[in-house]
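Right after this note come the structures.
Two complexes come next, and they have one chain in common, chain A, joined by chain B in the first and chain C in the second.
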Partner chain A sequence: MGELRLPLLMFAFVPGDSLAHRLDPRGKLLVQIAFAAAAYAHTTPRGLAVLSLLAVGCVRAAGGSVREVAWGYRWAAPFLLTAPLIAGATLGAPWFELDRAFRAGLASYRVLLILLVAGAYVRSTPVRDSRAAVQRTVPGKTGQFLGIGVGLVFRFLPLLRRDLVAAREGMRARGGGALPVRDRMRIVATAGLRRAFARADRLALALNARCLAWNPTLPRLCFRRRDLPVVALAAALLVAAVVPFLRA
Partner chain B sequence: METQTESVDLVGDEAAANLARAALFAALVGAFAYVSFPNPVSPAPVTLQVLGVFLAGIMLGPVWGGVSLVLYLVAGALGAPVFAGGGAGFGALVGSTAGYLWSYPLAAALIGAVVHRGPALRDLDDVGLPTLVGAMAAGTVLIYALGVVGLYYVIPEFTLAEAFLQGAVVFLPAEGIKVAAAVGIVRSEAVAAA
Partner chain C sequence: MIAAADVTVCRGDTVAVDGVTLTVEDGEFLVLAGPNGSGKTSLVRTFNGLTEPDSGEVRIDGRPVTENLVAARTAVGMVFQDPRDQIVAATVGADVAFGPENLGLPHDEIDRRVADALAAVGLHGRAEDRVDALSGGERERLAIAGALAMAPAHLVLDEPFTGLDNPSRRAVLDRLHELHAAGTGVVVVTHDLRDVLELADRVAVLADGEVAVEGPPAEAVATLAADADLGVRVPDKWANCGSHS
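Entry: the complex of A and B
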């Protein structure tokens, strides 16, 4: 049967007034990039211990709990947990190299930390702010295009998911559940595709009729005093990421 | 109060249609991430995401197919739950799934370029079965090559063989089923009429 897995807890923006909710989205994006760079440059027990504290701080600042955000990324768990086992196992004596498994474990753990920090952003940033951040950062029509496109993806994702649920239920009701996987995929995907194209045509018509402009009014973004520590944190992380390469 | 004084810059009809299709396709690839089927040859269930990448290249062509998948990545990085298992956020683009995700726009562009033999769209009825299957096979190779190389970089302890074992062996057989499904979709009248 074509299963449509609807996560119990969709990982998405949660309205609130935490510290991270009030920050400029561009500063938060910068911190994520700098954090990832630092995590890749310092995959040592000491480096990751410091970054762990920082990651927990980010999640808390976004008004979330580590458990809630980590649960949103549970799809990554099978990979992150098996990576040390696969790296450690050898085809012959000594069968398992603890040292390699440990280092692969550290590499896995840093991915978890990067996901937590990204989760803090997702939890604390509404679509409008993200869209504005893209359009204010990427210049010209490319930025406008990305901004409009991102807004539309957010808008239509739930509708298309519903279309696919309806297609799957229709298929089941007609006894399609007994068909081979290839045919079930084809039936569900065809229905999804047809609805998506129909929606795209109606949307294009509406965009033309409403005179879509490349330069609509966006929510104002401005760096305030409370964004200074965020930018300083990102700068510090970037410096920390670059220092090992300068020493080498 | 900030006031914009420049004139309004309107989007042309064709650009609006392409934008709508690219955005809807990006959302569809995201919605496909939620549809999982039991894998006949391995315990890991398969989602339809890669099928969405195939179809983006075939239906939208190399330019807009690639653009659509770029939108998918940007929207996902900014928090739309479009990645596998409803995942979202920048972390997915630098974590264990990085190689696969970055390969999607390239694979869609490659598939579109092979199927349409250039940036302009051809009528899909004129495209032969070998071209269609060959394009998707090339796209699959690209996706898994970058995916496995991504794993190799994310977990530096891995040898390439271990990365292949972890990142491709379990999933690769299901791609054949998706290629077959994509051929069925392209050849079906239902979509041709849309």
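Entry: the complex of A and C
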């Protein structure tokens, strides 16, 4: 069986013509925020079941598959899976409380759903559109600062990840795969850190050479008719998130 | 015109560029050669202010580079040794547009520059292609397009043929030839003079941070062929006829 070749574009825009690709990034950002709020307000099996359907819909609308996006977030799996075990463990009898573990499990699942929706956003939104959405939503210098930050993070992370993969493959190519896990982690981490600094220097140089500006010409963004359902969905999610607090 | 006057660049305790004085005329095709570590990259990075000289000065059209860095970086486009270091977007068109967007140009002008730059490097119609799906030669040409979209008077390419196969080298050379013919000044930094000599108006060779040889290609090659210590590979057909012109 061939090697699983899914994780190539984690945290990266994938050009395409899916429904999500054609939507205004501001609407998509709004859905992200509203989805996260709803997930925190409804961390119940029923609430999360509904949100699961929605998360799958978001990923599909972005032209991706749940498997692909979930695989891209596999680094989070150890934390999400061990959280319920740690939450359920007790220092004395009964040694493990199922109820607490269950609640922590729901919280972990909630995080996974939020990550899926975020993955759908990243997959379907060019970095410069994200920057434009942030700068047009948040006015003034704050928006420029956030916009440039978003741009830099999403430009730097894929490069950094590629460097880490290269470091790991370089280690394996010379028999490093047979080393104990601790040594492998040390080698990749050390090489990765070194490369990260070098990468940051080169990226800074490239951005300087290309006249990186605080306030560049931003891509044209405009709400269209097809964005209305997205905004309506975000509004519904926000209402669903707020209602429980109002009732309380 | 780029005019470097008595430029010195230090890297820690090492003097990378040692008092170099060199001019690049508008529209000129200059080959800047020299072995690894001779200071070529350090020198050309002073041309648009990416590196500040420790002493000396670089002027573009008579104005110090440090006076207006954006103007300098617009006038002198830079293509790095590894094009992946300067490609910042996921798609071809978005990457070429990155520079003009930073200049604050209107959308129509950006669209025009992107189309022109892609056409100039033979990537016409590839604006929506994914950058990570490009070959090494196409990435090199994309990096050139990114620099061209800034409408530079001079294009500086640092070891542009590294890692390219022959068809890709040929494609890049053809594009450089066309750009030069259209009036763009070209500076190619290399340690291997194959192919580029035929395009060059002038050759300058750096050794240990100093200009060791400077002149028309035939003269420079004659000197290089006689002095193997300069560490520059000279094409056989040129080495065998030092008086080639």
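To be clear about the criterion, the second predicted complex is superposed on the first by the 162 of 248 C-alpha atoms of A that agree within 3 Å, B and C clash if a C-alpha of one lies under 4 Å from a C-alpha of the other, contacts with A are read in each partner's own complex, and residues count from 1 in each chain.
The rule is short, and it goes like this: a contact is a pair of C-beta atoms (placed from the backbone, for glycine too) under 8 Å apart; a residue touches a chain by one contact, two chains touch by 3 or more.
Since the model is a prediction, treat every value here as computed from it, not as a measurement.
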{"item": "Which superposed partner A:188 touches (first chain B, second chain C, both, neither)", "value": "first"}
{"item": "Contacts of A:73 with chain B and chain C, given as first, second, both or neither", "value": "first"}
{"item": "Partner chain(s) touched by A:56 [first = chain B, second = chain C, both, neither]", "value": "neither"}
{"item": "Touched partner set for A:221, first chain B, second chain C, both or neither", "value": "neither"}
{"item": "Greater chain A contact set [chain C / chain B]", "value": "B"}
{"item": "Touched partner set for A:15, first chain B, second chain C, both or neither", "value": "second"}
{"item": "Partner chain in contact with A:179 - chain B first, chain C second, else both or neither", "value": "neither"}
{"item": "Touching partner for A:211 - first (chain B), second (chain C), both, neither", "value": "both"}
{"item": "First (chain B), second (chain C), both or neither touched by A:128", "value": "second"}
{"item": "Footprint overlap on chain A, where chain B in one structure and chain C in the other make contact", "value": "12-13, 127, 203, 207-208, 211-213, 215, 217, 220"}
{"item": "Chain B residues touching chain A - in the complex, by the definition given at the top", "value": "2, 4, 6, 8-11, 13, 16-17, 19-28, 30-32, 34-38, 40, 45, 48, 51, 55, 59, 70-72, 74-75, 78-92, 94-97, 154-158, 162, 165-166, 177-178, 180-181, 184-185, 188, 190-191, 194"}
{"item": "Partner chain C, residues of chain A touching it in the complex", "value": "8-9, 12-15, 126-128, 155, 202-203, 205-213, 215-218, 220"}
{"item": "Residue numbers on chain A that touch chain B, as the complex places them", "value": "1-7, 10-13, 29, 32-33, 36, 40, 72-76, 79-80, 82-83, 86-87, 100-101, 103-104, 107-108, 111, 114-119, 121-122, 125, 127, 130-131, 133-134, 145-146, 148-150, 152-154, 156-157, 159-161, 163-164, 168, 181-186, 188-190, 192-194, 196-201, 203-204, 207-208, 211-215, 217, 220"}
{"item": "Chain A-facing residues of chain C, complex", "value": "48, 50, 70, 73-74, 78, 80, 85-86, 88-91, 94, 97-107, 110, 128-130, 132, 146, 150"}
